[in-house]
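What follows is a group of structures, each given as structure tokens.
What follows is subunit A paired twice: with subunit B in the first complex and subunit C in the second.
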Partner chain A sequence: MTPPAPRGPLLEGFNLTKTFEARRRMGAPRARVHALDDVSLTVAYRETLGLVGESGCGKSTAGRTLLRLLEPDAGSIWFDGEDITHAVPRHMRALRKRLQIIFQDPYASLDPRMTVYETLAEVLRVHNVCPRREIPARVAELLDTVGLPPSAAGRYPHAFSGGQRQRIGIARSLSVAPDLIVADEAVSALDVSIQAQILELLARLREKRGLSYLFISHDLGVVRYFCQRAVVMYLGRIVESGPVAALFDAPLHPYTRMLRQASPVPDPVQARATVQVTGEVPSPLAPPPGCHFHPRCPLATAICRQERPAMRDAGGGRLVACHLYREEGKEGQASFS
Partner chain B sequence: MPRPAGSAAGRLARKLWRIATANITIEAGIVLFLLVVAVAVFAPLIATHDPLDQDLFERLGTPSTEHWLGTDSFGRDIFSRIVFGARISLVIGLSAVLTAMVVGSFLGVLSGYLGGWVDQLVGQATNILLAFPSLILGLMVVAFLGPSMINLIAAIALATVPQFVRVARAPTVALRDRDYIQACRALGFSPLRTMLRHVLPNIWPEILVMATLWLATAIRVEASLAFIGLGVKPPTPTWGGMIREGFENILTSLWLAIFPSLAILVVVFALNLIGDGLRDALDPRLRKDE
Partner chain C sequence: MPGDPVLSVQGLSVQFRIGGAWRAATRGIDFDLAPNETLALVGESGCGKSITCASILGLLGGEGARVEGSIRYRGREIVGMPESELEKIRGKEIAMIFQEPMTALNPVMPVGEQIAEAISVHLGCSRAEAKTRALGFMERVRIPAAPERYRDYPHQFSGGMRQRIVIAMAMACQPRILLADEPTTALDVTIQAQILAELRDLCANLEMSMVFITHSLGVVAAIADRVAVMYAGEIVEIAPVAELFAAPRHPYTQALLQAIPRVDRETVTLRAIPGQVPAIAEFGSGCRFAPRCPRASEACQAVPPELAARGGPEGHRVACLAPAPVRERAS
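Entry: the complex of A and B
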């Protein structure tokens, strides 16, 4: 399960900002949801980057903006050394051969009126992946790759289980031979046993095809197992990033600690969370000033309420955006243990 | 269970058959409508007389064994004229609705899928057309262009287009953010392919219901235009024109207006049966498709 070492950036987002206009009530001022607030992240060649956070924190928006399924309000997107922020539609459609996505809901992501064969063959035809007469063989090969029998080709999506549908979705993404796949909560909707199978499939593809993933998930356990590095988002901002082992074993940001302690531990003997997740996520319509996390942070001080913390290098490939972080980094942690 | 992929046309035919036999209302409507279509197609075989043949000795004749539904003021056979009149009504109605369906559905899907200024433009144009009752709009166009078959079709199609724009746009907007339509963008499909291959096939039941209901309206509008003298020019038999001629003798020869009216009634009734039945069969979405 150790893929080759990453080399150089493949997909990069710089200072991405995306806001959505909220539904307006009569006479009320125009409200905007800040889904992405100055978000920068990099997925390296052959790297699997996890993107974690609570629902509504902007992780899906980040994934879709990086693929330009949503247009960023500000910032830039680079793919394989090329600025694709303003790539024209025709060029973008060609780039999509290399950039793919797997959706969360395997029931909603397949056209219910097309057989598996039609779904896969259409992609092969549109991108001229192979000569027409080779399409049937290619479809069979794709099905085999994702562990589905050749007989699956003639059936409609509704004839499959969630896990099988997710395999079809993966086959569809693979049909164009991409370099990078954004897995948007790709296993969240599945049973735990099926999750393991799909993760195993994704891991095998990573090894065989040298794929990179942006793996969006709220499940820390899955991210820890599957990813090399991870980025933690809170209310549209990145609060911390780094290699998964360091990030989750010795989190620097109080929010990462809270997340980690809230996630279930398989070993019941191991100490349960000493700090419960407290409070609700504030409305993204009116995020708190300063550090977005300060209303829920047990360590918040005056500066946290006023100033946005800058992203600081914490060594070992780690970054953290917290006023309380010192080079030693031990102050905050002491009060948790 | 494995299901053979089959050809797209074969599946569409099977699906149409299943819908056509979904309930008794649809079946009754279809049988009645096909009967009218058969009359129109085989008009020369069914008609007992030449619809244009005048016989001045048999003017305003009452129904008899020779003239089943009587004769008009020129002594022409009413039955034969109604039989041939079915052709005009159906050709104009079907052509107009088909045109409106193709153009309107495309504009509706385009406007719903692309949004933005396209949506604004199409929406405003639709609202302007919707502001006029279809008869008034048809009347203005025909008055402007003159009453020919093509102009009548164009006028009725124009009046019907907005209905299809609306009925296609709403479900498109709902579909646009569904993952499998988003997936089309992620897979690099062109907007045109996405709309034609993925949006349209998922919304056509609504469009089909609309088409049957508006076919009835189109036939009524054609008859109304003919009644006020803006139909296909005489002596070509049209139902609306026959009612108009009959109207002049309504006090003495009631049947002149009654029989063509009944013909319109039958067609409109048949189409409304189909439309209502389809709405019942498709609306609750009882069944997952295929």
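Entry: the complex of A and C
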């Protein structure tokens, strides 16, 4: 079933910039990594937005910054029509009920000395979700929602498999009835048969509770299946965004095309077709000037080496940051000159 | 398959001592590896693919593990072979690469010297000659500016480049078989695509066979000539790669293919496989997939089904009492 149509922005980031100081080598000047370099993105109500890219592209930093788990150096964050960039901690705590995050390794975020019941009850208590006497019933309901047996309540995290732990992580994030969940590689560590089960659960929650997701993943197949739109990042910048089918069937940015061609597909004919994949992501400490992708780009020209490409509207809800993108003739027909 | 197999595995079973009892992690593994062939062992966590691979190198033994059955490398039995004999085969005749290249690299020795050392140990050639050969292999796996990087240390390389160095080291002794255990799993997809292409080229040019272990059917499609699908310690289906993807017969293989969200086309419904892989202590006596199988009958619970052609071509065998019918081939 397709989720209901989005209606307006829920979580928005405008021109977000975030730098980290790199560890200093002896005598060398302090270097800074631009983890986010002028990143703007919007998750609409009831929308699932994918955020894709390779290791170190800034996708996890983007997710954490949007939740204000990291403070941006510049830019602003809006949630449900309110500027939360500088919201005070007390207010942020109230907002955390509506904004949740689940991680790749739920084991790392679960207290090994607390039973599943204690973990979930604690969240319900801290956030005053319900009267104390209702907590046992709420915990039972949460376990049922995520497909865990009632007996799970008395057990410790180590007693569960990876997929079950992810269900516990999801139950914990649902305990406060959020509007939006940031899922950071939430299914990446799972075997495919289990991955499909967790995606099914996340999709059911989206339907029943009207949830929005910011779905961070390196797996284009999962993003195409689970998300409506996706944003592609490379070295701290957004290079392209758009509806998933158009984005992956007819990429506009050469990097999206490379990523798409390199993504494994279970089809021996396609998988062995010659792919144009060259080079590696350069060090984020010294990103190339101009378009960060130009050293690996088969189409790069002089301007690509000098000027940062602006984000341009490509029609059909698509945006692309490439000097070589040209609109041709009718709307929707675009190609490289 | 043309030529005698370089490797022939028959009735391989690996048992571990768990809580005082011997439990079989794999059961009745049978496969041959032909010269120049790449066989993929694919399956989910705990299916026994890595254990199978480790037993080929004679790495399992000692108090806690028991290996039964037969593994013949060019006619010589590896199971029970003395350590001194195994050492002559490891690295030189059968080499192995792993998911994490740093486990195979010495962090305080320049990479070029590590490759050269492997060459001089196994081939007994002079230092100068070893260096020349090492450089040749660094270039062969496309490490840019190889002569300048010969004296660099592993930490100065990216993950993808480190994996290339490990591959160069494995290739340097020109083994007949390369065992590759998830060598691209930790890498980004653009690097993975390059490494897979290079492994394909190397196998073709050096006339080497490869056993490639992976959990990803997408990677299988890119690298393998033949595929063995494993589940809970057993091979459930084995077939040439095109055949396996076009006409899978085992319900597990079919379910696995339907559980993969694909980037190349719209997936309307993803079919999750209900339940989970049984733990080693919970293995039943019958088909181990039966509890999750939509086609399971009472007969499936009783006796383990044998890997057999079951009406299909001889090269496509399936361990299932109710396999999908053989698909009529067009033309």
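List of remarks:
The definition used in the following text is that the second predicted complex is superposed on the first by the 321 of 337 C-alpha atoms of A that agree within 3 Å, B and C clash if a C-alpha of one lies under 4 Å from a C-alpha of the other, contacts with A are read in each partner's own complex, and residues count from 1 in each chain.
One rule holds for everything that comes next: a contact is a pair of C-beta atoms (placed from the backbone, for glycine too) under 8 Å apart; a residue touches a chain by one contact, two chains touch by 3 or more.
These numbers come from a predicted model, not from an experiment.
By the document's definition of touching, neither partner reaches A:S76: not subunit B, not subunit C. Contact with subunit B, but none with subunit C, is seen for A:R96 once the two complexes are overlaid on the shared chain.
Looking at the shared chain after the overlay, A:S55 reaches subunit C, while subunit B stays out of its contact range. In the superposition on chain A, contact is made by A:D191 with subunit C only, not with subunit B. In the superposed model, A:A153 lies in contact with subunit B only, and not with subunit C.
One of subunit B and subunit C touches more residues of subunit A, and that partner is C.
By the touch criterion defined above, A:E200 reaches subunit C but does not reach subunit B. Contacts of A:V222 after superposition on the shared chain: subunit C is touched, whereas subunit B is not. In the superposition on chain A, contact of A:Y117 is made with subunit B only, not with subunit C.
Of the two partner chains placed around the shared chain by superposition, neither subunit B nor subunit C is touched by A:T17. Shared contact residues of subunit A with subunit B and subunit C: none.
Taken in their complex, subunit B has these residues touching subunit A: 1-5, 178-180, 182-183, 185-190, 193, 197-198, 201-202, 288-290. Against subunit B, in their complex, subunit A makes its touches with residues 67, 69, 92-97, 100-101, 103-105, 108-113, 115, 117-118, 122-123, 126-127, 151, 153-156, 158-159, 169, 172, 176.
Of all residues in subunit C, only 44-45, 158, 160-161, 188-194, 197, 215-222, 241-242, 245, 255-257, 259-264, 266-267, 270-274, 276-277 touch subunit A in the complex they form. Touching subunit C in their complex are the following residues of subunit A: 54-55, 161-163, 191-197, 199-200, 218-226, 245, 248, 258-272, 275, 277-278, 280-281.
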